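What follows is a single structure, and I will ask about it in a moment.
All chains are identified by letter, namely A, B and C, in their written order; residue positions are counted from 1 within each chain.
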Amino acid sequence: MDAILFLLFAAIAVICAVNLVLQTHPISSALSLVGVMGALALLYLQLGGEFIAAAQLIVYAGAIMVLFIFVIMLLNAGKERKLPRKLWVTFAGVPLLAGFIAIAAFVIHRMLPVTEGVKFGSMTHGSPQEIGRSLFQTYLLPFEVTSVLILIAILGAVVLASKEIE
Amino acid sequence: MQNLWIIPLLPLAGFALNGLFGRRFPKAVINTIAVGSVLLAFLWVLKSLSALGAFSGGLEETHVEHYFTWIQSGVLNIGVDFAVDRLTAVMLLIVTGIGTLIHIYAVGYMAHEGGYYRFFAYLNLFMFFMLTLVLAQNFLLLFVGWEGVGLCSYLLIGFYFTEKFATDAGNKAFIVNRIGDFGFSLAIFLITIHFGTLDFGSVFSQAKALPIETSPGWITAIALLLLVGATGKSAQIPLYVWLPDAMAGPTPVSALIHAATMVTAGVYMIARSSSIFLHSPLALNVVAVIGIATAFFAATIGLVQNDIKKVFAYSTVSQLGYMFVGLGTGAFSAGIFHVMTHAFFKALLFLGAGSVIHALSGEQDLRQMGGLAKKIPITCGVLFCASIAIAGVPFTSGYFSKDLILESAYEYAPWMFWVGLFTAGMTAFYVFRAFFLAFTGKYRGKVHHPHESPFVMWGPLAILAALSLGGGFINIPKYLEPLFPLAEGSKLPPLASFSLLSVGLVGIALAYVMYVLAPGLPESLASSFRPIYTLIYNKYFIDEAYDSAVVHPVIDGSRSLLWRTIDAGAIDGTVNGVGKTARAIGSVLRHAQSGYIRSYAGWVVAGAILVVIVMGLTGISFGVTR
Amino acid sequence: MPEIPLPQSVPLAWYLILSAILFSLGVAGFLFRRNVITVFMSIELMLNAVNLSFVTFSYKFKQVDGHIFSFFVMVVAAAEAAVGLAIILTIFKNRQTLEIDEVSSLKN
C-alpha cells in the first residue's frame, strides 16, 4: 500500500516538475510548481513529518507561490519566445540529464545500505510537540537568527520595491 | 729597509695630483709635478742602490722587502714584496733615468697640444706600473705591473682620441697584448700548481733543483706560456702587429713605452725566469728561433717604409728580436745589455724623429724631407750618434751589445749568426737610409722655416747621445755575473769576426750610395723587383691575413650567435616569454567572467557535478561523516 | 490483474532517487530557461528536492533534526523569494524586459 501511494505521488511530482521546465508561459510553470509542492507535502506525511507537511502547504504553496503569481501577473510577463536552437542541443540535453541522474542514483545507492523501508506511521517524532521542543531547546539560536533574517528580508524588499518608476 | 715602495709611489702621486686637479693647474705646475715625481724617483733609486752597495761591488744577494700579505688562500700565500738584485738595479736605472729624460723632453714636445695634464698623468701612471713590474718579487705582482703598462699603453696610444686610427691602434695594442697575457696567466696557474707558490725566491730555488727536461714536459709548458706572454708585450712573431700601429701616439710615448721600457718587459721577465728556461732547452730554442725570425722579418719591412716613425718601429721589433736571440742562446746578460743600449739609442732615435717632426710642424713622411742638416743641426748631430750606435759601428754602445749576442748565437747555431749578421747589415742600411733621406740633399717639403727645437728638447737628446756613444763601456755582463754566469771568451773564426766588425760600415756605405750618390737607384730597383717590393711594402699582408682569419670570424660569430641568438633570442625571449605566457593565460581565463548570468550558472553546475563525481568514484566524503 | 511485485515498505533509496530527479530537473530549468521568474521557480524546485532529502534522512535516523533543518530551509526560501522578486521588479522597471540574457552589464 505504501509503495503504491509513494509511486503515485512521486509520479505527480515528476510530471509537474517536467511541466515546469517545459512550459513557456510563467503562469503555467508557477501552477506546476504548486502541484509539485502539494505532492511533496503528501510524501512528507508518509515519512512521518506532519508538521513539515503542514508547513510546506501553508508557507510554500500558500504564501511563496502566491507571491510568485502576484509578481507574474503584476509584470504581465508574456510567453517566452523560442530561440532558434541547433538540433544537436535538443537531442543532447535529455541524455545528459539522464546521465546526471544516473550518477546521483549510483552515489546514493553506494552510500545507503538497503536495510529497512518506509512505512506510514513508523515515525512518531515528527509531531509538533517534538518539533517545538527541539526548536526551542536545541535550535533556539538559529530560530532567533532566522527571525532577524526575515526582518532583513522585509526591509530589503520594501526598499527595493518602493523605488518610483522614473 | 730601503723603503723601496717610495720609488713607484712617487709617480703614482704625480698621477693622482695631475689626474685629479690638473685641469686647473697652469702648465708650469703640471710640469713640475710630472717631471719632479720621476726625477725624485730616480734620485731615490740612486740613493737606495748606493746604500745597498750596488755601485761598489755589493748587492750579490737579493734584497727583499716584504710589506703586507695580499692573498692568503689555502697553500697560496702572495705578499706585496719588492726586491732588488743586480738585474733589478739595471732595470731601475734604465726606467727611471730614461724616463726622466723623456719627461723633460715631453714638456717641450707637448707644449702646444691639448689635454696636457692628461698626458702627463698617464705618463706618470705608466712609470708607476713599470716600476712595480720591475721591483716585484712574485709573479702576480709582476703581472699587475704587466697589465698596468698595457693599460697605459692603450691610453697613451689612443691619446688623440678624436682620430679613429689612433683609437683603433690603441684597441689593437690592448687586444693583442691581452692574447699574450692569457698565455702568461696560464703560465702563472701552472707555476702555482707545480711549485705551490709564486714568489721568485721559492720558485727559482725549487726550479734549480729540478732535472733538465729534454723532452716536452711541464717545465717546457710553463716556459712556452711565459714566452707567449713575452711575445705579446715585446712584439715578437706572431704578436708584433700592434707596435707599428702604436706610432699613432705622441712621439714621447713611442720613445718611452715602445722603445725603452714597456717592450723590454718581456725580455726582463724571461731573464728573471732564467732558472725555468734553463731547464727546458726546447723552450730556449723556440725563444731563439722566434727572436732571429722576428729580427730578420721586421728588418726587411723597415727597408721600404716611408714614415720615419714606422721605420723606427720596425727597427724596435727587429732589435727586440736580437734580445730574444741573446736570451735564447743562453746569453741572458747579453740580452739585458742590449736592452740597455737599445734604450739609449732607440729612445734617442724616436725623440730625434720627434724633434724633426716638431720642426716640420707635423710632417712624418721621409719623401717630404731632405736637406735638414743645415736647418736643424743639433737634431742632425744627435740622430747621427744614434744611427751609428744602432748600426753597430765599432766602439759605439750598440756594437758591444750586438757583438756579444751574435757571438753567443754563433756558438749556439752558426746559421743564426749569419742571419743575424745579414740583419745587422740591413739595420745599418735602413737607419742610414732614413738619415740620408731626411738630412741630405734638397729640401722636398713645403714648410717654409723648419726651426730647431728648444733646449728643453735637445738637452735630454744630448745626454742620450753621449750614452749611445759611450754606454757600451758599462760592462753589464760582468756586473750581472752573479745571476747569469758568463761563458768563456768568444771563439769566432776570423771570417766571422771580421764580418762582425765591418757589417755596419758596409750597410752605411750602401745606403750612402743609394740615397746620396745615386738617388735614382732605389726607384729603379723597386720597379725591377716590383712584386717583392709590393709584398714588403705592405708588411707581407700580415695584418690583412689576421683580419680575415681571426678578427672577422670572431666579430661575425659574436654578432650572429652570441648577440642575436643567445642574448636577444634566448635571454630576452625567456623574459618576454614569461610576460607573454601570463598574458595568454589571462586571455583564456577572462572568458570565465562573461557577464552572462547563465554562463555563471553553467559553471556552478559544472563544479557541483565534478564534486559529485569525485565523491562517487573515490569515496572521498569532503568532511561529511556518517 | 497481474501481481506486480511491489515491496512491503518503500525502500528509502526511492525517496532519494526522487529527490535527485527533482533536483536535476530544477538544474535543467535553471540553465535553460530565459525568463527570470521561471529561473527563480526552478531554484525553488531545487530547494524542495533538498527538503525531501532531509526529511528522508530524518526518518532513517528516527530523529527530528532533519525536520528542523527542512523548516529552516523553508524560512530562508521565503525570505529569499521576497527579496529576489523585489529585485526582479526593479530590473523590470529599469529594463522593461524579463530576459535573463539582457541583464549583462558586467560583460567584458
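The rule is simple: a residue touches a chain if its C-beta (ideal position, glycine included) is under 8 Å from a C-beta of that chain, and two chains touch if they have at least 3 such contacts.
This structure is a prediction, so every number in the text was calculated from the model and none was measured.
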Most distant chain from chain C by Cα centroid: B
Highest C-beta pair count, chain pair: A-C
Distance from the mean Cα position of chain C to that of chain A, given in whole angstrom: 5
Chain centre separation (chain B, chain C; CA means) in Å: 95
CA centroid of chain A to CA centroid of chain B, Å: 100
Touching two or more other chains - residues of chain A: 100, 104
Chain C, residues touching no fewer than two other chains: 27, 34
Sites on chain C touched by chain B in the complex: 27, 30-31, 34, 100-101, 103-108
Chain A contact footprint on chain C (complex, rising order): 6-18, 20-29, 32-35, 37-38, 40-42, 44-45, 48, 51-52, 55-56, 58-59, 62-65, 67-68, 70-72, 74-83, 85-90, 92-93, 98
Residues on chain B engaged by chain C in the complex (per definition of touch): 593-598, 601-602, 605
Chain A residues touching chain B - in the complex, by the definition given at the top: 100, 103-104, 106-107, 110
Residues of chain B that touch chain A when the two form their complex: 609, 612-613, 615-616
